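Both of the next two complexes hold subunit A, though its partner changes from subunit B to subunit C.
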Partner chain A sequence: MKNVVIKNLNYSYNENTPVLKNINLEINQGEYVSIVGQNGCGKSTLCKLIIGLLEKDSGEIIVNGLSLNKDSIQEIRKKVAIVFQNPDNQFIGATVEDDIAFSLENNNIPREKMITLVKEYATKVGMEDFLTKEPSYLSGGQKQRVAIADALVRNPEILILDEATSMLDPAGKQEILSLVNKMKLENPNLTIISITHDIEEAYLGDRIVLLNEGEIVLTCRPDELFKNSELINQYNLSVPFIVQLQKKCQELGYQINDEDTLEKIGEMICQSK
Partner chain B sequence: MNNLTFGRYAPFNTFVHKLDPRNKLLMMILLLVSIFLKVDSWSSTLILTAFLFLLLIAAMIMSRVSFLQLFKSLSMMWFLVIFLLLIYIFIPNPNYNPEHIAFYIGSYAVNYDAFYQSGYIIFRLIMMIMITMILTATTKPMDLTYAIEWYLSPLKIFKYPVAHILAMTLSIALRFIPTLLDETQRIMKAQSSRGVDFNKGGIFKRIGGLVALIIPLFVSAIGRSEELSNAMEARGYNPYAKRSRYRILKFSWRDLIAFISILAIFGGILTLKIYDANFIKIDFIYWIFGAKPLF
Partner chain C sequence: MPIKINHLSYTYMKKTPNEVKALDDVSLEIPDKKITAIIGHTGSGKSTLIQTLNGLLTPTEGTVEVGDFVITNNPKKNKKIKELRKHISIVFQFPEYQLFDETVEKDVAFGPKNYGFKEEEALKKAHEALAKVGIDESFYKRSPFELSGGEKRRVAIAGIIAIDPDILILDEPTAGLDPHGSNIILNLISELNKSGKTIIIVTHDMNIVMNYSDHVIVLSDGKLAFEGVSSDLFNGDVSNYSIEIPKLFQFCKLLEEKGAKIEISKIRTIDDLFNQLKERK
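Take a look at the complex of A and B:
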């Protein structure tokens, strides 16, 4: 089933500078899509258009079979959750529990159900001991974990991560990525759209969409992109560590396949002499 | 953040903490009015004030508000004390009474009344501070906004969610105080590293330094508000739609006890005031200073 269908989408902040040009994209249910590209290529704009925070100039966005317009916007927002970049600016409640409850209050969920849901999702993201804590006592990674709980508590079909890890330290980033991985395993039908700068993060996806100056220049599997050194040079991308390692090892004469994980490569190197 | 200790919420679990914030707000108003009710005779007023003062001390002990904080906040009142004294000394007294002259400054006669009046005002101010301190130290800011929302809920008749929007605005403002304080410190450090000195120089130089702080702070706050509104909208916030509530306020037996006691005190003082009851007539002034009573 197609979760998100974008047809001939155009958007510009003002007439002379188009931000997105004729975007066509289809995303299947349960897919993990990474959207990568340089600063100002329109990645964040694209996701804001999908949840209707910005109004498109032309084209069509269909989410879960509903075409996005003024009447369907609230319905679509129930299905799409987004985690933004800045952990502070999306923390609305006074405490962790209030913040998770905020999404539920908006959907007019009865209080008894809210209490159980807040506990359940706080536990899922590992914040159950911090329920009554205020945001100033939390680290960036913890705040982003709460933001993910906020997003998932409404049981969305699509989760958009808009550079959700870019303001975190490496530990916090790892925390969030493994949490997303865990959520994905728990609910394989959850579609994830991850907008990112970080090439390691993009590599986790099933598919990479490369945006350049408002146009989709490439959609392919991550390993296909990173083996193609021509494309990498053309769009000035860096190569994920695992791909670099595989390449180096192949050059050194190890028998390494593209699917081999870090652990397996390590083992091979240790076993050979 | 550390210098904002006055009236900070202190997470204890006392009787006062457990009270309904709506009730606490109402009781605070009743107590404030009681303090400013003045019964006709000085002696009765003094006794009533002393009674209220002891009551507040008891409430402070009960709600575990730190007296240290109270003294700290009072230490800033010296200026006010001196200012009030000067005003009362040098403003001509309508009830001038030659027997009340305390001493002369040159040929200017200073009345005892100046001391009573300013002392009484200061004392009432101290009690006001105590009351607000008990309220803010035992009530989470968010609970206070819920209480305000509840009191404003009759505004629903205008078919516009005034109460809800106001409460939401207030709660977001409260939520962002620590965040913006952090931001202020960050900007101060950044500007200091670029050569702005916030502590030295004449008044104009300092104002210039302040501009270098306030403008970036505003820019960042406006940027934050944009992102915040995006996040709220994306999470389906719609103030006009029906929303359920996670926090509910409960009026319990504790509230009933507390409210009835405060109401009784307020009623008692009001009755004394209305019937001009000078239930006690000790001439404190004569007693202490050997002068005849003024009232």
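Take a look at the complex of A and C:
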């Protein structure tokens, strides 16, 4: 089933600055799609359009079979949850449990059920020992885990991660990536749209969508992009170390294959005298 | 101006139930005119440390010496703080959130004006600073709020450069930028250092540490865990510090194990590595 269908979508902040140009994209239920591209290429704008935080100029956005408009927006927002970049900007409650409960309060969930759900989702994200803690006592990674609990407790069909790890330290980032992985295993039908600059992170998805200046340049399997250092350079994506090394070796005349591991390249360098 | 920190401790909300000891008996030196990287996990005391350097926080115990300035726990003795801040400035994390003025040039001129320069001189300093960060004249009269993320950050950094401090502290200067935007900022930092500025970078990115730093400080739970050069850090046990060893360093170690005669401590980039290999041939 198609979870998100975007047809001929256009959006601009004003007449002179088109942000998204004729976007066509289909995302299947249960698919994990990474959206990559430079700052200002329209990644975040695209996500904001999908949940109706911004209004499109033209084209159509269909989420779960519903075309996005004024009448369907509330229904669609129940299906889509988003986790933003800055952990401090999305902590609303005074404590972890309040924060998770806030999501449910908006949806008229009875108190008894709410208490069970808050505990259940806090446990899912590994924050069950912090229920009564205030945000100032939490690390960035912990706050983002709470933000993911806030998102998932509403049982969405689609989870959008808008650079959700970019303000975290390596440990915090790892926490989030393994959590997302776990969520995916527990609920294979959950569709994930992840916006990221980190090529190693984008590599975790089923598919990569590369945006440049508001247009989709390419959608492909991550390893296909990963191997294409030309595209990576052209669109200013970060280049994985192995690709940099292979390129350097090729320039210097070593016989390098795409599959060669660091070990193999190392041996080749040491043997050539 | 060298910086010397002696037995520095800092406690937030002292004598309350929420007391947190963020820095615990830290002694270290930050060398003059070099690039020093400060690393450590979230909550290790990095931000607290940099805020004590220009007197935004006064030590609970111990002293901070910046050149001839001494900051102690006695607020009455810390009279020259404003003077000190002309010499040492902090670019906070996500500095673009602190832009506020109507136009780019006014925003950057705010610092020099605040330190007593006349409008015209302040604008001149602003224009010079903007040139250094690669923001040209066409931006001067634009609102800083309509710029892209990377441009905003460069404008914010220009605001600090315009004050012309001897020491620049940058907290996560590349966070949230794409690789292109990051490279512009890192090259700028490198240029500023070459022109004689002391640079202190707080970062989680070990590639930056390897490629740019002369000196590294690691904090862990408010204590000094390591002080020295990056190659010594990566060679040791880093399992407690939330550090990802750069792939380049790992590859150099692999080459060394296979018998390549390379001097890892002098390698900062892939090019450095291959230059050494070439010389060896």
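The working rule: the second predicted complex is superposed on the first by the 239 of 273 C-alpha atoms of A that agree within 3 Å, B and C clash if a C-alpha of one lies under 4 Å from a C-alpha of the other, contacts with A are read in each partner's own complex, and residues count from 1 in each chain.
Quick note on the criterion: a residue touches a chain if its C-beta (ideal position, glycine included) is under 8 Å from a C-beta of that chain, and two chains touch if they have at least 3 such contacts.
If you're wondering where the values come from, they're calculated on a predicted model, not measured in any experiment.
A.B. asks: Which partner does A:F102 reach: the first (subunit B), the second (subunit C), both, or neither?
C.D. replies: first
A.B. asks: Scan A:G141 for contacts with subunit B and subunit C and give back first, second, both or neither.
C.D. replies: The answer is second: A:G141 touches subunit C but not subunit B.
A.B. asks: In the overlaid three-chain picture, which partner chain does A:Q74 touch, first (subunit B) or second (subunit C), both, or neither?
C.D. replies: After superposing on A, A:Q74 lies in contact with subunit B but is clear of subunit C.
A.B. asks: Pick one for A:M1: touches subunit B only (first), subunit C only (second), both, or neither.
C.D. replies: Neither subunit B nor subunit C is touched by A:M1.
A.B. asks: Under the contact definition given at the top, report the residues of subunit A touching subunit B in one complex and subunit C in the other.
C.D. replies: Residues 86 of subunit A touch both subunit B and subunit C.
A.B. asks: Can you name the residues of subunit B that touch subunit A in the complex?
C.D. replies: Touch residues, subunit B against subunit A: 1, 140-142, 171-172, 174-175, 178-179, 182, 224, 227-228, 230-238, 241-248.
A.B. asks: Note which residues of subunit A are touching subunit B in the complex, please.
C.D. replies: Listed in rising order, the residues are 48, 51, 53, 74, 77-78, 80-82, 84, 86, 88-95, 97-98, 101-111, 114-115, 118, 134-136, 150-151, 154.
A.B. asks: Mind listing the subunit A positions that touch subunit C in their complex?
C.D. replies: Against subunit C, subunit A makes touches at 37-40, 85-86, 139-141, 163, 166-172, 197, 236-239, 241-242, 244-245, 248, 252, 262-263, 266-267, 269-270, 273.
A.B. asks: Name, in rising order, each residue of subunit C that touches subunit A in their complex.
C.D. replies: 41-43, 94, 148-150, 175-181, 204, 242-244, 246-248, 250-251, 254-255, 258-260, 270-271, 274, 277, 281
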